[in-house]
Amino acid sequence: MNNGNIFLDLLVRFAPEGTPSWLLDLSAAGVGVGILVAMVSVIAMFCVWMERKVAGHIQCRYGPMYVGGWHGWAQSIADGVKLLLKEDMIPIGADRPLFVLAPALVLGSIFAALAALPLAPGVFFADIDLGLFFILAMSSMTTIGVVMAGWASASKWTVYGAMREAAQVVAYEIPLGISLMVPLIVAGTFNLNEASALQSGWYGMHWYIFQNPFVLPAFALFFISALAETKRAPFDLPEAESELVAGFMTEYSGIRWSFFFMEEYAAMFLMSVVAAVFFLGGFESPFTSLARDVFGEQHFLASLTAGLVLLVKAFGGIFLMMWLRWTLPRVRIDQVMTMGYKYLTPLALLCVLGASIFEALWLGVA
Amino acid sequence: MLDVKTQDLEVNMGPQHPATHGVMRVLVRTDGELVTGAQPHLGYLHRAAEKIGENVEWLQYLPYTDRYDYLAAMNNNLGYSLAVEALMDIEIPRRAQMIRVICAELNRIASHLVAYGTYGLDIGAFTPFLYAFREREWILMLFEKICGARLTYSYIRIGGVFNDAPPGWLDEIGHFCDVFEDKWREYVDLLMMNKIFVERTAKVGVISKEMALDFGLTGPMLRGSGVDFDLRRDCPYMIYDEIWQAGAYEIPVGTGEQGVLGDSWDRFYVRVQEMLESLKIVRWCLANIEEGPTIGELPKTLKVPAGEAYVGIENPRGELGHYVVSDGGKVAVRCRVRGPSFVNLAVLEDLLPNTLLADTVAIIGSTDIVVGETDR
Amino acid sequence: MDFQALYAHLQAQGAAGLGGCDEPRAKDPEDKQDKGRAGDPFVLVAVEQLPAFLQLCRDDEALGFEVLIDLSAVDPAAEDEDLWLVIQLLSLRHRHRLMIKSMVPKATPCAPTVAPVYRAAQWHERECAEMFGITFEGHSDPRHILLPEDWVGYPLRKDYVFPKEYRGVSCE
Amino acid sequence: MSVVASYINNIVSGVKSTLVGMRITGKYFLKKPITVQYPDERLPIPNRYRGIHYLEQEKCINCLACARACPVDCIEMDAVRHGKELEWVKFTIDYQKCMFCELCVYPCPKDCIHMGNEFAFVTTDRSELHHDLLSYKGMSREARIRKREAEEKKKKKAAAKAAKAAKEAQAAETEGDPPQPTEGEA
C-alpha cells in the first residue's frame, strides 16, 4: 500500500526486523532528500548547458564545444567545479548571517517545492493532496531569499534588484494562481498525481487544454506569469544585467552565486512540470497509453514511458522559455506592473469565469 | 496626512557598468526607481589626442584619428584627411574619392550595426546584438582585405587612399549589399518593431527640435528630432553632392511614428534606416566607379601651407569636425577634434531627470556615444 | 551666403565687437617671409562682445546660425601673447558656416560665457577652461570635464610642462 | 482609439511581434552556426593583413625611413656600414608601442619591411614584446663574400694604382722632374 513515500515502502520491505519506525522514517527522508537534491542538481546543470546551447544556436554560434568532448556536455560540471573552488567572498559591509542564509533559503525552498512533483505514476517524493498549493507556496518563498540577499549585500544595485523582485512576484502571484484555477476547475483536484491521471482518456490526449476552451488562454497567461515568477526574460528585472549590473546577486560569487543560478533553472523546471501536469496532460500521451496497453498498467516500462513523457513536456516548456528569452527585450518595471495588474489578472479572471460557466453548462448537458 | 519622505539614493552608473558603453560614469540621483538628477563624468578614456596632434607629423597623426571613434575609424580618417587637404591644394583622383565614399559608408553601416546591437543589449535583447555583429564581421572582413586592419584602419590618407582595392573586392561588396538588405528586414522585425522594444523606447527621452539645436546635436540625434539636415547633402564634401543629385539616397528623418517626435525610438529608427541609405550610396559608387589612380600627386614630404581650416563631415554619430591650424611646418599648431559623441552626450544632464532607472539606460543607449570620442 | 556676404551682412547689422576678418590668400611672391594663408576665412570679434555677437548670429533671420558646432581655443606659440578662442557656427536653414575668432590675452585669460546663448557651448567651455586656462565668467558649472579636478597646468598650452608624476604614479 | 480598442490592440500587437521575433530566432536556431572553432579552424587571413612585421634584411639599407615615419617611435635600427655592405647590430620593433598602422611600410625605398599575417603574439614577459626582426646579426655570408671580393678588388685596384703611380714616379724620376706631393700617398 502506498503511504505517500516510495522510499519508506522500500525501506520497510528490506529493513531488518525490529528497526524502530522513527529510524525508518528518518532514513527514508534522508534518502529521498539525497535523491531529490542529486536529481535537481543534474537537471539544473543540464538546463544550464541546454540554455547555452540553445542561446548559441539561436545566435548563429555553437555555444560550449570543448569540455567533455561531444558538444561540451561537461561544461556545467566544469563550471560547477570552478565555482566550488572559487574564493568565497562576503563584502565587508554585508549582513553576514543573512548574506549566508539567503542562497540556502532560495535553494531550500525550491527543493521543497520540487519534492511535491511526481516522477512517474505512483513514484514521488511526497504525495500531497494540496500539492499545487504547496508548490506555489514554496516557490514564493524564494522571493524572501532574494530580498534577503539584496538587502544583506549592502549594495545599491542589489537593493534595486531585491525590491524589483518583491514587487514583481507580488504582482504575478495573482495571475499565476488565478490562471491555475482554470484547470483546477476542470480537474477538481490539487493533487498532481490525480490531476495527471484524470487526463488519460482519448488515447492519452484528453488534456485539460482540450477539455475546456478556456484552458488554452489560461495556459498562455500561466506561462507568462511563470516567466515572471522565475525571473526569466523578458521579466528578468531583478537581475537586469544592463541596468543593475547583476541585480540582487551582484555581490555574490562562487558557490553561493551558483545557488541562485541553480534556483533559476530548478524553478523553470518546476513551473514547466506544473504547466505540463495541469495543462498539457501530465504523464498522458498516446505513447503512455500505448505503453500501458502493451506492458500493462503496473509494469515499470509503462511508468518509465510516463516519466519520460513528462520530462519531454517539461523540457519543451523550458525550451520555450529559453527561446523567448533569446528573442525578447526586457520590459520596464512599470510595464511589468501594468502587464500583471491590468492585463494578466483581469484576463485570468475572465478565463476562470468562462471556464466555470462552460463547465457548469457542460456538466448540465452531460 | 503623514509626510513620508525617503532619502535620495546616489548611484554611480559606471565607470564600469554594462550600459555606459565604455568607461563613462553617470552619477544618478534616484528616488526609488525614479531618477531625479544625473551628471555625466567623463575623462576616463582621455588620451590627449589633440596634444598628440601637435607633436607628430601630419601623416603620423592619421593612426590616432582611428582611435577616437573606434567604431567609425574610416570616417575619422576621412575627416582628418579632408581637413588637411582643405589647407593643401591637391586634386583627389576620382577613384580615390569613390573608394573613400564606399569605405566611409560601409563603416557607417558597421557603426550603426554596433549601435543597433548594443542598444538591443541595453534594452535586454541579446540576440540582435550577435546578428548585427555577424554582418559587421563581414564588413570588417572586407576592410581587412583592403587595408589589412579590422578596427583601426588608417586607410584613407591625406591625398587619397593608401591602396587600391584588391581584385574582386568591389564584387564582394555588391554581394554584401544584396544579402544585407534581407538581414536588414530581420533587424527591423526582430527588434525595432517588437512591442516591448517600442514600449521601452517610444516616448522615452524626448528631445524637442529646439532642444536639439540648442545643444548643438548633430547626426541621427538631430534628425531623430525631425530636423532634416545631413552634412552629406547640405554641406557636401567630396562627391556626395553628385550622388545626391543622382538621387541615389535619401535622408531619413524622425517622424514620431511610434510615440512622440524626437523620442529614443525615432533616433534609433533613423540610424537603422540610414544603414539602408548608406547601402544605396555604396551601390551607386559600385555602379559608377572607374579605373584610375588612388592617390593625388603629393610631394615626398608632406608640406601643409600655413593657415587654418575647419571641416565637418557626417560621422555615423554626427558632425565630426577637425579644426587644424598650420604654420607651414611639419607639425600642426593645433589639431582640434570636435567629436559628435561629446556634444551629444551633454544632452543627458537635461534628459535623464524624471525618468525611470531603466529609461536611463535606454536614453544613454539612444545617444549612441563612443567614449573614445567623448574623451579623445 | 558665402563668407563675403556674411561679413557684409554682419557689418550692415552693426554686429557688436566685429573687428575685421581674415581670408585665405596666396603667397606673396615678393615677400620671402610671407607664407600665405590657406584654409577657411573667419571673422574677428572682441572677446567681451562675444555673447552679444553670437546672439545676433543666432537671432538674425538672414544669418540664422541655429547651431554652435564647436568652441575651442588655440595657443599659436609659446611666445605669443594671445590665445585664440575659435567658434564654429552652422546654419541649418541657410546651409552656411561661420568661423569666429577672438583674441584672449594670456595675461588675463578671461572670456564671458556664451552658454546662455548656445547651451552647446557649456561643455566646450569646460574643456577649453581646463585645457587652456581660460576662465569663462558666469559659467554655471566650472568643473573640469576631461581631466581630474586636481590637475596642475593647462595641457594644450604650448609652454605646458609634462608632469613627472601624478599622485605618486610615474608618468614617464 | 478608445481605451478598449487600444487595450486589445496592445495584446494583439504584443503577441504578434513576439511571434515574428520567435520566427526569426527559430529560423536561425535550425541553421548551421556561422562561427568557426578558433584554434582548430581559422579564417583565411587576407594578403594585406597587418600583423607582425617581417624584414627582408638583404634589401634593407638602414636608411631609417621607417623609423622616422613611425608615429610612436617604436622602430630602432642600427647597422655599421662597411663600404656597401651592412653589419647589422639591431632592428627592433617594440610591440608594446606599435599600433600596426603600416605607416612604416610605405616610405621604404627598397620595399623591404612588410607586415605579415602572424597576429597571435602572446608572451608572459613584456620584454619579449621587444621583437628583433633581424634574421641574422652581423653580416650575412653573401655580404661577407661580397665584402671580401670588394676589398680584394679594392686592394687590387689600389695595388694597380700604386704600381701605376710607382711607374709614373719612376718615369718622372728618369725624366728628372722634382717629386710630386701625391707620391707620398702611393
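Annotations for the structure displayed:
Which chain is which? They are A, B, C and D, in the order written, and residues in each are numbered from 1.
Note that in this section a residue touches a chain if its C-beta (ideal position, glycine included) is under 8 Å from a C-beta of that chain, and two chains touch if they have at least 3 such contacts.
This structure is a prediction, so every number in the text was calculated from the model and none was measured.
Between the interfaces B-D and B-C, more contacting C-beta pairs are found at B-C.
Inter-chain centre distance (chain B to chain D, centres taken as mean C-alpha positions): 33 Å. Chain geometry summary: the mean Cα position of chain A and that of chain C are 65 Å apart. Taking each chain's centre as the average of its CA atoms, chain B and chain C sit 25 Å apart.
The mean-CA centres of chain A and chain B are about 45 angstrom from one another, to the nearest whole unit. Shared contact sites, meaning residues of chain B that touch two or more other chains, fall at 127, 131, 134, 190-191, 194, 196. With touch defined as above, residues shared between interfaces to two or more other chains in chain A number as follows: 58-61, 326-328.
Residue positions 10, 18, 21, 24-25, 28, 34 of chain D each touch two or more of the other chains. Pairwise, the chains that touch each other are A-B, A-D, B-C, B-D.
By the touch rule above, chain D contacts chain B in their complex via residues 10, 13-14, 16-18, 20-21, 24-25, 28, 34, 43, 46-50, 69-71, 99-103, 106, 115.
Every residue of chain A that touches chain D in the complex is listed here, in rising order: 54, 56-62, 65, 323-324, 326-328, 343.
Those residues of chain D whose C-beta lies close enough to touch chain A in the complex are 7, 10-11, 18, 21-22, 24-26, 28-29, 31, 33-35, 37. Per the touch definition, chain B reaches chain A in the complex via residues 9, 11, 17-19, 32-33, 120-127, 130-131, 134, 190-191, 194, 196-197, 199-200, 356-361.
Interface of chain B with chain D (complex): residues 56-57, 59-64, 66, 127, 131, 134, 141, 144-149, 152, 154, 162-163, 166, 186, 189-191, 193-196.
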